[in-house]
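Have a look at the structure below, then the notes.
Chain IDs A, B, C and D follow the sequence of writing; residue 1 opens each chain.
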Amino acid sequence: MTVGLEHYLVLSAALFSLGLLAVITKKNAVTVLMGIELILNAANINFVAFARFIDTDLDGQIFAIFVIVTAAASAAVALAIVLNLYERLHSINLEEADSLAG
Amino acid sequence: MSLFDVIFYLFAAFTLASAALMVVSKNIVHSAVGLLFSFFGVAGIYVLLAADFLAVVQVLVYVGGILILLLFGVMLTQRITSVDMRTGTLQLVPAILAVAGIFVILFRVIRTTSWNIVPEAEAQFIPTAEKIGYLLMTDFLIPFEIVSVLLLAALIGAAFIARKGT
Amino acid sequence: MITNAILILLLPLLAFTIQIFIGKRLPRKGDWVSTGAMFLAFFLAVPILIQALSSYDPNFKITQSWEWINFGAVNVTFGIHIDNLTAIMLIVVTLISSLIHLYSIGYMHDDPRYNRYFAYLSIFSFSMLGLILVDGFFGIYIFWELVGLSSYLLIGFWFEKNSAANAAKKAFITNRIGDVAMFAGILIIFTTLGVFNFEEVFRGIADGQLSGGLLTAAGILIFMGAVGKSAQFPLHVWLPDAMEGPTPVSALIHAATMVAAGVYMVGRTFVIYTADALLVIAYIGTITAFMAATIALVQKDIKRVLAYSTVSQLGFMMVGLGTGGYTAGLFHLITHAFFKALLFLGSGSVIHAVHSQEMDDMGGLRKKMPITFWTFLIGTLAISGVPPFSGFWSKDAILASALEFGMVNPTHMVIFVVTLLAAGMTGFYMLRAVYLTFGGEPRDKKKFDHAHESPLVMTIPLCVLALFAVGTIWWGWLEHLLTKPELSSYASSGVQVLEAGGGHPDVAHTAHKIAMFSSIAIAGLGILLSTLVYHWKKISAEAWGRRLKPIYTLFWNKYYFDELYGATVIAGTLFISKISSLFDMKVIDGFVNAVARITTRFAFGNGRFDIKIIDGMVNLVARVIGFFGAQLRTIQTGRVQNYILMALAAVVILFIIQQF
Amino acid sequence: MNKVLTLITFLPMVGILLILLVPKNNKTLIRVLAATFTGLQVLIAVWIYINFDSGTTSMQFREQYKWIPSFNIEYFMGIDGLSVTMVLLTAFLSFICIFASWGINKGVKGYFAMFLLLDTGMMGVFCSLDFFLFYIFWEVMLLPMYFLIGIWGSPSRVEPDGKVRGGPYAAIKFFLYTLFGSVLMLIAMLVLYFNVDIDPNTPGIQHTFNMLHLMDQSLHTGVLNDFNVRLWVYAALFVGFAIKVPLFPFHTWLPDAHVEAPTAVSVILAGVLLKMGTYGMLRISFPMLPDAMKWEYFAYGLAILGVINIIYGAFCAMAQTDLKKLVAYSSISHMGIVLLGMSGLTSLGMNGAVMQMFNHGTGTAMLFLLVGVIYDRAHHRNIDGFGGLAVRMPIYTAAMSLAFFAGLGLPGLSSFMSEVFSFLGAFGSEMFNLKAITIISTIGIVLTAGYFLWTFQRMFLGELNPKYKDLPDINGRELFTIIPLGIIIIFLGIYPAPLLNLMKTSLNELVEVIKAADPILLGLQ
């Protein structure tokens, strides 16, 4: 069968799952961030794929650009938070950041 | 199976493999490298999807920007020379189960949905940079501006948060 | 003439405004403003009188009215109404008022509130002139109240004295009682006829739109206003107390003009009184005249003697009006105004000299104060009804009218008899006052030595007024100008009018003759007796006083009216007010508070129920939830990744559930 | 300027916003802001007065928008001859009261914000023509009033007999009383709402709160066609408004509230709030249920309650030793005259009654301001505790005597006119025989003179109480609040036409409407 929309979507889903896995399992905050970036990439693939196959104008791509920009912003903020966290706990091990515990 | 398809599968496999490396690897630097390749793979996928400009952006921003940023994060929080560049994992088994569940769900959704595909559009390969530039300055001007402000605010905020001794 | 009338009205008002606001800063504290305004008003009134005299027409009339308050359905106008009566009254009021202003300059010269005094005099003049000039019941009621106000202000002028403050309050409230009755009368008239204007009201009554018992009631109620203002029985109690005011004020307001306003008003509205109403007026007048005269017999305070004599004379006027002697009553009003003002100013001059009002402190002042003595004597002779002084003519006319009435209605002969007695007493007590004040030897040597004749500014008014007490207006001429108005003259053509009283020419002549002789005789008798007692000392006043102890005490205590009112009306009112207040606080408010208390009690009861049962149940639920919460608490690891995992698991589970 | 009513109503709200922005220590700026906004309100009121067409009976300066369309609730404002007088009075008194509040030093910001909120509520009540909107404004007033009495009134204290009195007590009492009335009003309002059909031709009932529709008798449907129901609705409205007037026996909140409230609040309370009761009757009860109003028992009941108010109020006033309480009871007495004037249903009486509302507003405002002046100096209000003040404070005495004489209805001062015409109107009623009742009520004239003069004597005449030999006379700011009132009182006493002309067309129309009310509905007569 020819590669169509569904292939891209499955690829995206797989990428998403991997990113999710990283987010959930990783102890290191920076790695968690990487997982988030993966998830965003998966979403972007979806945008572009839909733009290609369903709605043929460029709106999807522009959305993807915006996502990238937002990702950059969130990465910057998140890293700042990580640095701050490090300042306080002298570690970026997320197991230790559990002040929300009930 | 056309050449096009082959290229897709190659890229897809490359992307997923790199991503898997990033997830599995215990060394944070290896993870970063895996992520890098994964980003490249996604850029390739964009090209296949006729999004040339986006592919370039992907490479420039992600590979050139975000990844560097992440690496900086690594450097600042862990000394590169230290032995302990490895990071552990937690709740691995339940996580894998849940994520697998999610993947299955997504897969099912994708398979069972009847997509309303526009057929003839597949062949078109028109450079998109000019059109995107035009759109950003017309229809998407306000989101563009907002996102610019957001970025600015995020950067200032990041700088503020990361300041020492706050 | 209307312009003149308006100016007459506005001049004192203007003077009042100037005095009250900037009087203190004017040279001489602005006494010339008020006095000048009053003299100007007098000179403006003269042409009006000249016009009235020159037309020599009983129906002489100038009216003009302006729209004032328009309700759409009802239109109230403000109008000026000038006829012969108005013209004469204008002269009387402006002249006496001017003279008293002049006199006050001397009398009040060192008072700290000098300018205020003149302001009050001006507002009084304004109100009094307005009362004379207006053309309707609404207007007359307004000025009626305003003269009450100025009277209040002037009686209470020396308000630091508690007695003055009390007297002022008493005067105002007593007047108010009469005013309310008058107001009720106006209510009846207005709601029946729909107009306030005198002429229109008369026309409506003549046409029979208001008649019978209701008209009588309206008449009596309106007359009640006059009872209050003219100090008739039973509302006479305020006038003697009003003597707390400065003496010129007593002369102007409580002798010459304001108290006569009641008589004037009855004269003005003469045609609305039915025969029954007139009878009431006559009897009230008789009682007043007699009672006041008896009280005056024993008073020791010179001003009080004069005050009771005023009350008595006002009673005479009412008798005149009530018995149908319209002209006689008003004639006496005019003559009385002059000689009573004269008497008061004379007494003021004496008081000014000896600084006391008690006749016990006086005596022998004749030599020290010749002008005052002679003018006072003229006034005394006038009021006693000695011919040819003015009082004789007018009092004679009243007695004639009363006698005529008695001859026509023999049952009411008593009016004439009692009035005649009162006239005799007038001579007695007035001469008594003269002897005690001016005659004999000085009883208080120190005060006597201090005494001196008053300055010119005070004696000139005395002389002018004395002139008016000697001379008099020609009766026939007055009778022509002030013809008794007949209701029928107001009727629309073809309407039959029932005559109330009426002329009886056959008896009139006889009555006049008898009245003249009897009045001269009784006045002479009174004077003779008085001379016997107080000059020749042939009869001892003390001895007679002891012999007639009960009567003397009764007279001395003014028939105990003050005590009676104090014990009934005032105490009753205060009692009811206390009861009302207590009722308000204890019963009504108590009820409200009780409701509030019961509600709170109930709420507390509720509260207990709440705590034990309802709250118990609520707590149970809370505890159960608390238990599960404690168990679930362990899930809260505080790790974000855990949460995400759980959310994912939930999604998966939900999806699976949804699939099956 | 077709939004003038919205402007005049919500202008104080703008003032509140600005005041809230001012730091709380800058008291002068807060006061000046409050004065500015109420001053602007007065200017608008003057504009309304100039542009008001007194020749027409219809509502003017209308503004009508949909507000909550699903319930047919509208934002509907408009004024006629009846309300324009009250709008003028409110604007004027609010402005004056700001100056009377100048001396407030505790919680200045909150005080003036509350005051302006109260102002908005009052204006809204007089301007709104939608019953729902009316009700909302009616309730909006309650809240600031509660706080103004409770917080800025006199502090709580325990009486010798163990009762707790003072500002908080009075505030709660006021609040509960009024709330009780409001509930009854709400019930009546809902009955009206659910039984008026805007469009009888289409099936299904179209409800409305629009007062003009509620007044249209031909639109009444359902239970409103049952005379008994109409009587009940009228009674509920009546009690609701009577509490505000306040009518005997619902009046006991008034002396407490007046006595405990700060001066300016007493002024507003007596000057404006009391008028809302009678305003409500004239705006709502009478025109919406004219036939119920004509039911003998209600008509005579109104007149008799009026007389009780007049005489009972006067008697109670006479017994008071607290000057402010005396003035409070005199208000009860004077409001009785309004009711008596209304009850006769004559043009004279109705006009007299509304004039009396206005004149009592100015007269009693002046009285309360003057009471405040002496209280600020002597720190007590016990009538017997003064004496001979006329020597020491001549200007104050003059002002007080003007106010007292206005209160006792001296000719030449405004309340004389209104009292006379109220009495005349009631006495001359063609529909009911109120003659005896009116005659009895005239006793009140004597009683009023009695207690005012007695009080005047005890406070101002006689020997000067040595305790007060250094009491300063009234100052410029206080005079500034009093002189305008004095001028109005004198001017309207001599020439009431400017006030009368504003309202007579509307009120005469109202009388005609009631007279023409369908007699068939009067099943019991």
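We take it that a residue touches a chain if its C-beta (ideal position, glycine included) is under 8 Å from a C-beta of that chain, and two chains touch if they have at least 3 such contacts.
These numbers were taken from a predicted model, which means no experiment stands behind them.
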Touching both chain A and chain B (chains): C
Chain centre separation in whole Å, for chain D relative to chain A (CA means): 68
Intercentroid distance (Cα basis), chain D paired with chain B, Å: 73
Centre distance in Å when chain C and chain D are each reduced to the mean of their C-alpha atoms: 34
Whole-Å gap between the CA centroids of chain B and chain C: 106
Multi-chain contact sites of chain C, meaning residues that touch two or more partners: 641, 645, 648
Where chain A touches two or more other chains at once, by residue number: 20, 24-26, 95
Multi-partner residues of chain D (each touching 2 or more other chains): none
In contact (per the touch rule at the top): chain pairs: A-B, A-C, B-C, C-D
Residues of chain C touching chain A in the complex: 633-641, 644-645, 648
In the complex with chain A, residue positions of chain B that touch it: 2, 4-5, 8-9, 12, 15-16, 19-20, 22-23, 28, 31-32, 35, 38-39, 42, 45-46, 49-51, 53-54, 57-58, 61-62, 65-66, 69-70, 72-74, 76-78, 87-92, 95-96, 98-100, 102-103, 106-107, 110-111, 115-118, 121-122, 124, 128, 131-132, 135-136, 140, 143, 147, 150-151, 154-155, 157-162, 164, 166
List of chain C residues in touch with chain B within their complex: 641-642, 645, 648-649, 651-652, 655
List of chain A residues in touch with chain C within their complex: 20, 23-26, 32, 94-95, 97-102
Footprint of chain B on chain A - complex, ascending: 2-11, 13-22, 24-31, 33-35, 37-38, 41, 44-45, 48-49, 51-56, 58, 61-62, 64-66, 68-77, 79-84, 86-87, 92, 95
